[in-house]
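What follows is a structure written as structure tokens; I'll ask about it next.
Each chain gets a letter, A, B and C, in the order it is written, and its residues are counted from 1.
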Amino acid sequence: MTTITIDAAGIHYTPLNKQIRQAVRDGASEIILKNVMGQRFIGDGLIGNVKITIHGVPGGDLGMFMKGPTIEVFGNADHAPGNTMDEGTIIIHGASGDATAHSMRGGKVFIRDDIGYRGGIHMKQYQDKRPVLIIGGTAKAFLGEYMAGGLVIMFRIQDEEPYAEMGLASGIHGGEIFIRGAVEEWTLGIGSSARPATSEDIDRIKSFISEFSQYYGIDPVKLMNSSYTRIAPVSARPFAGKYTWE
Amino acid sequence: MIIGSRPTKFQVVIDKNQCMLCGRCVDNCSYGVFRMEPEGIITNTRNCVACHRCISQCPRDAITIMERPCDYRSHPVWTAQVKENIFKQAESGKILLGGMGNAQQYPILFDHLVLDACQVTNPSIDPLREPMELRTYIGKKPRQLEFIQKSDSDISLVTELVPNLKLETPIMIGHMSYGAISLNAHKAMAKAVSDIGTFMGTGEGGLHEALYPYQEHMIVQVASGRFGVDVNYLERGAAIEIKIGQGAKPGIGGHLPGEKVCADVSCTRMIPEGSDAISPAPHHDIYSIEDLKQLVISLKEATEWKKPVFVKIAAVHNVAAIAAGIARSGADAVVIDGFRGGTGAAPSVFRDHVGIPIEAAVAAVDTKLRRQGIRNEVSIIASGGIRQSADVAKAICLGADAVYIGTAALVAMGCRVCGTCYRGLCTWGIATQRPDLVARLDPEEASHNVKNLIDAWTLELAELMGAAGINSIESLRGNRDRLRGYMLDQSMLDVLDVKAIGA
Amino acid sequence: MCGIIGVIDKQRELMDGSSIRDALSIMDERGSGEGAGYAAYGVYPDYADLYAIHVFYDNLVEPKAQVEDLLETWGMIEHDEEIPTFEQAGIPKIHTPWRYFFRPKTRLMQRSRTPDDEIVKHIVMEVNKSIKGALIFSSGKNIGVFKASGWPEEVADFYRVEKYEGYLWLAHNRYPTNTPGWWGGAHPFNLLNWSVVHNGEITSYGTNRRYIESFGYDCTMYTDTEVVAYLMDLLVRRHGLTQELAVRALAPPFWEEIERMPEDIQRLNTALRLTYGSAMMNGPFAIAVASPDSIVGFSDRIKLRPLVIGEHDNKVFISSEEAAIRTVDSAIKNIYMPKAGHPIVGRTVA
């Protein structure tokens, strides 16, 4: 159990990532980054089981292409944390920007508060790789657009009225989205359908509710006992009927 | 039935006197044109796409395929194609899709440019007997070098070069994904480029394990769908290419239909079998030029700055300014794909009407980058409609560092450009995933053909350079003085920065 | 086909132009009587720290007023006069050669390591591109270029080159193909302290021109040789390469040769070819480049044009033909042919 602390104040992301990689090569099991201020690409393409704790505000593409590590951020994250991420976990004690979990293919991303536009866009799954995006707050429009696989759970802890952002799961052709409470009918984008989640559905997401509650010190009971709406694709081929051949 | 039957596009005729009823045409046609009956071979001519597989396999030259033996009344405006498109859309209300590249009769600028040769005032060079250098480095070069001079004879270089790809000929094979084409086609091309010392693109289909032995000659693509993209994939590639757009369909995404996503394709793309593989129109992490820079740098960070990163765009009206933005993004090369670029399937309205030809695009980009003093920041790769070695030479004269070929490599493997790739029934085993059809393409043999083609073009390019008194490709690059425009108007000559013949 | 001859005295001992005239004339066969010229270094000792700007005027009214306006905007004309010429049967005097001794106002050009040179370069480019009826053909310090359309001996006599004394001479006899009869097309080409004579045709001119123009040079002479002067100026003055490295960039070794080099030399040569690929010159050429402290001769990489070097005591000669060297120095013993693409440098020691 080796812990390495790096003061990131004033360090450009390239040398910072080099230091992180070196620490991983040297066998560090935990890396603490202090005074992070806008450095992009932290953990980009990083492979291993290391835990990275970030104090401050990381820049965009946090954990992009990452395969294995756990990143915990005490602060907000910028755009696209978990972009094209492969394996591992990102836990954000705060909010995140647009395109959170963009094209994510595996691992888990937890956001305590709200996320920006187009969260979970084009997430996809394959065999045992099933990415999970869990949002404590709420998401702006086009959540799960183009979604091809994976799981999105949104608790909307502060909200009890129906979810009302446009383009929900527009173009979805794989995966599923659970939203606590009701969803306005008009929010549903092209190719998506909604129905109340069944108790079997809830059973499938219980472990994620527990994990989420544990990270943020929340009582899971309220979340466990809530009703959810499940959004899923109408078809795996939403646009198949749009074309004819010359 | 308001519109009814249309004239057949092709009529297949079997010469009964020649036919020996061997049945090879029946076996080879995947479109269901032929069937064996007691009275002989019967044709369902309406199914024919003119892929010519039957002709190639017929031992007696008994088959003739005629194009539109019964045509519509001729009309210069209301052509057969126009009318048939209207019929189809009137019946379906859908977007028309087509295969292969631009099918409109636009003039081909390459065919209006002629190359130069030496007479008297300088000697031609014989490339068979004298040195001729076609080696090309693709990637970022310094604007100038810095040295430390310790003494008269001891000078050391301070400038560090960033990784470049070393090509033994300025001809590469562009990105055609596994999924759009078969694994055997990929293997054949991968082996050919490895043997030659050049490169090919994976397309947006991931990298199949069978291609790992050739990975040092593969450029891995990262497109908007991010199919098959993980660290392992990025690490394996010799370079990484971000695909923004494609000449055959600028501004729109891609769509591999579920029926082409077989088990193996699903594995390299990392998506479930049978599901559509949809590439969004934009990258949803790139909505502006500074976001492109972010993706370029994220790929470099992920691979520890060891790989050149290319950015491919479709040639659109403002291509020069866009390329100048790309040159400032940290990218090492910009690929410009002209509107004659091929594709498995594209909406015909895009394929035929959006974008500009590669000749004008390359000329405009090279000029713009030079004027801004940033030509060394990126290499220029020209693609989209390169048919022969002369096109390669002309593209380089207009400012390209190298070219991508696509359709030409497929034709070398038998493709007849029937334009029916989207059906997934390619009788040549190229644009299909059907195992029995794929098995028809022998990767070894096909690799010889592809290698032969690139070798032959390379020889011709060397001959053309020698005739122009040039023994190194650097001296051909952007050398528009060695081109003349034939029957081009002044505004076109100005864009190409080429003089007219005789001038 | 053209003829070139150059000589430098390493101790800066002065030579008058008479022997160089004879040397060039012995190669009359290499020309066509439509262009010849001489560049001499050290010819204006009284104005050694001023730029000697030579101009061809079509008339002495509009173009002259415009050039002088420009010069006075950027600096001071300390002295000016018509360059003395003497009528020759074969040279109709279609231009009036004029010379200015010019001091730039340094403070007007900022952001340059060499502001005075930058001002003069700017003036040369501006005049040659924009002022009709004026052409600056010589612009260095203590340097004079004397050229016209005619046979070598006629041009020499037209300017009476025997009256000028220089420690370095460069001369050229032209067989023009592009612009016969045009005085501006005769060699040497000069920019600032660089003078170039060239035999051959640069097949990479289109590439070289676009490259050099992206650095703010304008090619206005309708001929390939001028790019050499600009490339040397860019590579040596602005990029800080040594002359040897600059020549290596212009006529680099083949990749095959580079691969046989030791690793660090290989790295250097690879970097040169990658960075300066567009500056590389192709086609047949033998070139001599002069600067105030050196003369460099080199040929293309596969030796398509003749080049011989002579060395005797303090003198180094570069020529198309041995006979020209022997015309100047009959006692010379060491005459040899350099390796293709390799620079031969004669440098002053004083």
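Rule of thumb we're sticking to: a contact is a pair of C-beta atoms (placed from the backbone, for glycine too) under 8 Å apart; a residue touches a chain by one contact, two chains touch by 3 or more.
For clarity, every value in this text was computed on a predicted model and none was experimentally measured.
Taken as a graph of touching chains, this assembly is arranged as a line, each chain contacting the next along an open chain of partners.
Located most centrally within the structure is B, per distance between chain CA means and the overall CA mean.
Each chain gets a centre from the mean of its Cα atoms; for chain A and chain B, those two points are 37 Å apart. Chain C has its Cα centroid 67 Å from the Cα centroid of chain A. If you average the Cα atoms of chain B and of chain C, the two centres end up 46 Å apart. Those residues of chain A lying in contact with chain B across their complex are 13-14, 17-18, 21, 40-41, 44-45, 47, 60-61, 64-65, 67, 79-80, 83-84, 86, 99, 102-103, 105, 118, 121-122, 124-126, 129, 145-146, 148-149, 171, 173-174, 236-246.
Partner chain B is touched in their complex by these residues of chain C: 177, 200-201, 203-207, 209-211, 213-215, 239-242, 245, 254-256, 264, 267-268, 270-278, 280-284, 301-302, 304. Across the complex, chain C is touched by residues 118, 121-123, 125, 130-131, 133, 135, 137, 141-147, 149, 155-157, 159, 161, 164, 366, 370-371, 373, 375-376, 397, 468-472, 474-482 of chain B. Considering their complex, residues 85, 88-89, 92, 94-99, 224-227, 229-231, 234, 255, 257-258, 266-267, 269-272, 274-276, 278, 280, 284-285, 294, 297-298, 301-305, 347-348, 419, 422-423 of chain B touch chain A.
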